[in-house]
Amino acid sequence: MSDNLPLWSKTEMVDEVVAMLDHGASLNLGIGIPTLIAERIPPDKEIWIHSENGVLGVSGRPTRETVSPTLINAGKETISVRKGASYFDSATSFGMIRGGHIDVCVLGGMQVDAEGSLANWMIPGKKVTGMGGAMDLVHGAKMIIVMLTHFSKDGDAKLLHRCTLPLTGKRVVHKVVTDCGIFTPMGDSFRIEKLAPGITYDQLGLPLKMWTRSLFQDGSEPWENTTD
Amino acid sequence: MSDNLPLWSKTEMVDEVVAMLDHGASLNLGIGIPTLIAERIPPDKEIWIHSENGVLGVSGRPTRETVSPTLINAGKETISVRKGASYFDSATSFGMIRGGHIDVCVLGGMQVDAEGSLANWMIPGKKVTGMGGAMDLVHGAKMIIVMLTHFSKDGDAKLLHRCTLPLTGKRVVHKVVTDCGIFTPMGDSFRIEKLAPGITYDQLGLPLKMWTRSLFQDGSEPWENTTD
Amino acid sequence: MTSKVYANAVAALFDLRDGISLMSGGFGLCGIPENSIQEIRRQGIKNIHAISNNIGNSGRGLAWLLKQKQISAATCSYVGGNPDLEEQMLAGEVQVTLVPQGTFSERIRAAGMGIRGFYTPAGYGTLVAEGKEERVFDVPCILELPLGADFAIIKAERGDRFGNLWFKETARNFSPLMAMAARVTIVEVEQLVELGEIEPENVHVPGVFVQRIYQGVDYENAIEIPMYAEQ
Amino acid sequence: MTSKVYANAVAALFDLRDGISLMSGGFGLCGIPENSIQEIRRQGIKNIHAISNNIGNSGRGLAWLLKQKQISAATCSYVGGNPDLEEQMLAGEVQVTLVPQGTFSERIRAAGMGIRGFYTPAGYGTLVAEGKEERVFDVPCILELPLGADFAIIKAERGDRFGNLWFKETARNFSPLMAMAARVTIVEVEQLVELGEIEPENVHVPGVFVQRIYQGVDYENAIEIPMYAEQ
């Protein structure tokens, strides 16, 4: 179903998220696509990246000279840190999240629903990986953003009225960024905040009643970007 | 009632407690008489003294040259520390106690009862000071020792069948050291572990049924120290 | 984000108002935020709910605010050695809630760490347990709830512009917990240092817990009970 | 007290036995107690209940014990990247309990700090909440209980004979919490230093939480996923 759509690339998705971040914000990045965000933040934007294994101030990748086996992110990849970084134990690290001290948390997902529930840790009967920190990360950050491709490999939309997979968190997601656009869970429908150029609402893979239009602050309507 | 008794001095009481401490033990000292313990530990006995305001490794007093306004004990007195000392926040400090990591805690008291309950923070209708850390300190340490004079100024025994003052902790005390001797709360009575030389059980200020004899490890009986 | 660094106490404490809940770090007079307390005294705001272990001591620290009748409620563990508080408590001018010190610390941490309640044995079987849920685990416990605040005023030895903090000796006490637990945490430091000057492993409070920071001045660092070794 | 310092892993791990619960610090392969794990592999003790975030990764760390079928139960948050565990879990050879990572950390801390239970929103409305008490505070929460162990094996960068520890970079992770939560905590260090060499303010784990310590040897310090800046 998505084969011929003018979808956003991963980089375009990442840049949409980066545009949502305020200067000085603190940010937790889940493993997978969100990790790319660290590499797309412009140098003049001071963002404090938290990784739940116990570091605040992730800056990017080390060189072969500076790499350290004891300096990794939650995806177990080597990282480097900026001046002003700090290290702490895992209880403090998750307390930062649970206690509401991190501004934005970006996670990957398998399904998101209109109620804001997220499923991203388990497919019954298939390989089990464990929830890791995801069930904690969805509680506490001031804004929870989920990034995922809009359609599964089988062409099914991953934005649903209600998730069918086991939940990671119930009513926790604030924004959803897919390769089709940006959406806000509204309870029984998603509000369309932005669509990738050329995407129309009837290509979003769910009945019309699942989508609600919203005006942008500048008065333009997202529909105007579409061929609808 | 206690005027003519051959009571232990404060120093003798303190030395009885010091004798109970194993080399290498960790020890929390309450404010008041227990503070003196820090100054009576022999140099060859390595004792790690904890003060609940956030220090482990208290060693004694500073000189006028080394004194620091940021280095105090829970009694707000200036202290010094030994090599290997550490500082930490108050949550960690009380977690050390509550979590059972401190071997011995010595507190002052107003009343102790045969059930092992302690009252040491409030006399209704009189001056209120607050419980400070006492209600936490009585839970968790492997041995809770209460030091107090055996009799009040009015001559009433402070070791009772049941405390009459508001409790600091219920069934928490393991040993009681008074100026008359050392006692173990047994539920309905106190077991006499040791008496100050010349003290007899009928001078202890409560009916005979409140006291139980015990044999020392060397086979001698505490009664043999008395004129009974 | 505007910068977290403010010129002084006047600039950093611009939005305090009557009726706020206010945490103040320090144990007795050790590690108290002297500049912030003096600025609050100058502002004269009223009906403060003060949350601090001692609410001042020996007529100093938060007792400066007590003397001016700026505090109407106090949550603390110990009022001994604080005649201003004892007097106003007995006169009914300050509503005092006494909390066991370990529970006080842990409730503040819980507020900062997003823990909604916890079970502790401290206070079981005492007046402190009245009205609280009791439950038996390996030992009988009572349920205690988080303790947060609108503002926290904190003093640290060193801090940088992101708000990373380092405390000296026993001046740490409740301050890192309060920094986590308040909606707005305002820190004064002996030394405002460059980013990176506090070694990342040795940061006591990561900057994300701090909203404002300024260089303090004229520290008294009073010693309450000086005791010296016999020399 | 006999000294806490032991000559090596063989000496320090003298009393492990079949059926123990065993915490192991580290995140993936970062900060794992390599010497202690190898000694347990040599000893061949069985029916271990392993409590560790990943129970090894990429065939290393605790996966060495999995390969020898020494682990019969595992409490962890993530099994991805650990084919040995996935295989034995699906074959029913290892009973795996998955715990959300923040809850995992906080439960271990609770065991160490004497907290008998706490309420957290993490896991509410999910499979994790099944069979647990739910209670609504500002948000719906579930009750979680402390997680302790018979033994903890920990690796630190520096440690002294009293057991004061200091960790490098992100190698700290769960280790300080586990040191608090186990009945016997056995630490191996890159550098065994003199008392006082770790600055008192910068001690990450005060020695009172540590029962045994030894100088480790031959550290591999493997990097799981090396990623480099384009140069």
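By written order: A, B, C and D. Residues from 1 in each chain.
Here is the rule we go by: a residue touches a chain if its C-beta (ideal position, glycine included) is under 8 Å from a C-beta of that chain, and two chains touch if they have at least 3 such contacts.
Note that the coordinates shown come from a computational prediction; the quantities given were computed from them, not determined experimentally.
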item	value
Identity of the chain that, by mean CA position, is farthest from chain D	B
Chain A and chain B: spacing of chain centres that average the CA atoms, whole Å	57
Chain B and chain C: spacing of chain centres that average the CA atoms, whole Å	29
Euclidean distance of C-alpha centroids - chain C vs chain D, Å	33
Per-residue overlap in chain A, given as positions that touch at least 2 other chains	87-88, 91, 94-95, 97-98, 139-140
Chain C, residues touching no fewer than two other chains	106, 109, 113-115, 120-121, 139, 167-169, 172, 200-201, 204
Chain-level touch network, classified as line, ring, star, complete or other	other
Interchain pairs in contact, sorted by label	A-C, A-D, B-C, B-D, C-D
Contact set on chain C toward chain B in their complex	27-31, 53, 57, 76-81, 86, 89, 98, 100-106, 108-109, 120-128, 139, 157, 167-177, 204, 221-229, 231
Footprint of chain D on chain B - complex, ascending	22-26, 46, 48, 50, 56-57, 81-88, 91-92, 94-102, 139-140
Interfacial residue positions of chain C with respect to chain A in the complex	1-2, 109, 111-115, 160-162, 164, 180, 194-196, 198, 200-201, 203, 206-209
For the chain A and chain D complex, residues of the former touching the latter	51-55, 60-64, 67-72, 74-80, 87-91, 93-95, 97-98, 117, 122, 127-137, 139-140, 166-171
Parts of chain D lying in touch with chain C, wherever the complex brings them together	106, 110, 113-121, 135, 137-139, 141, 145, 166-169, 172, 199-202, 204
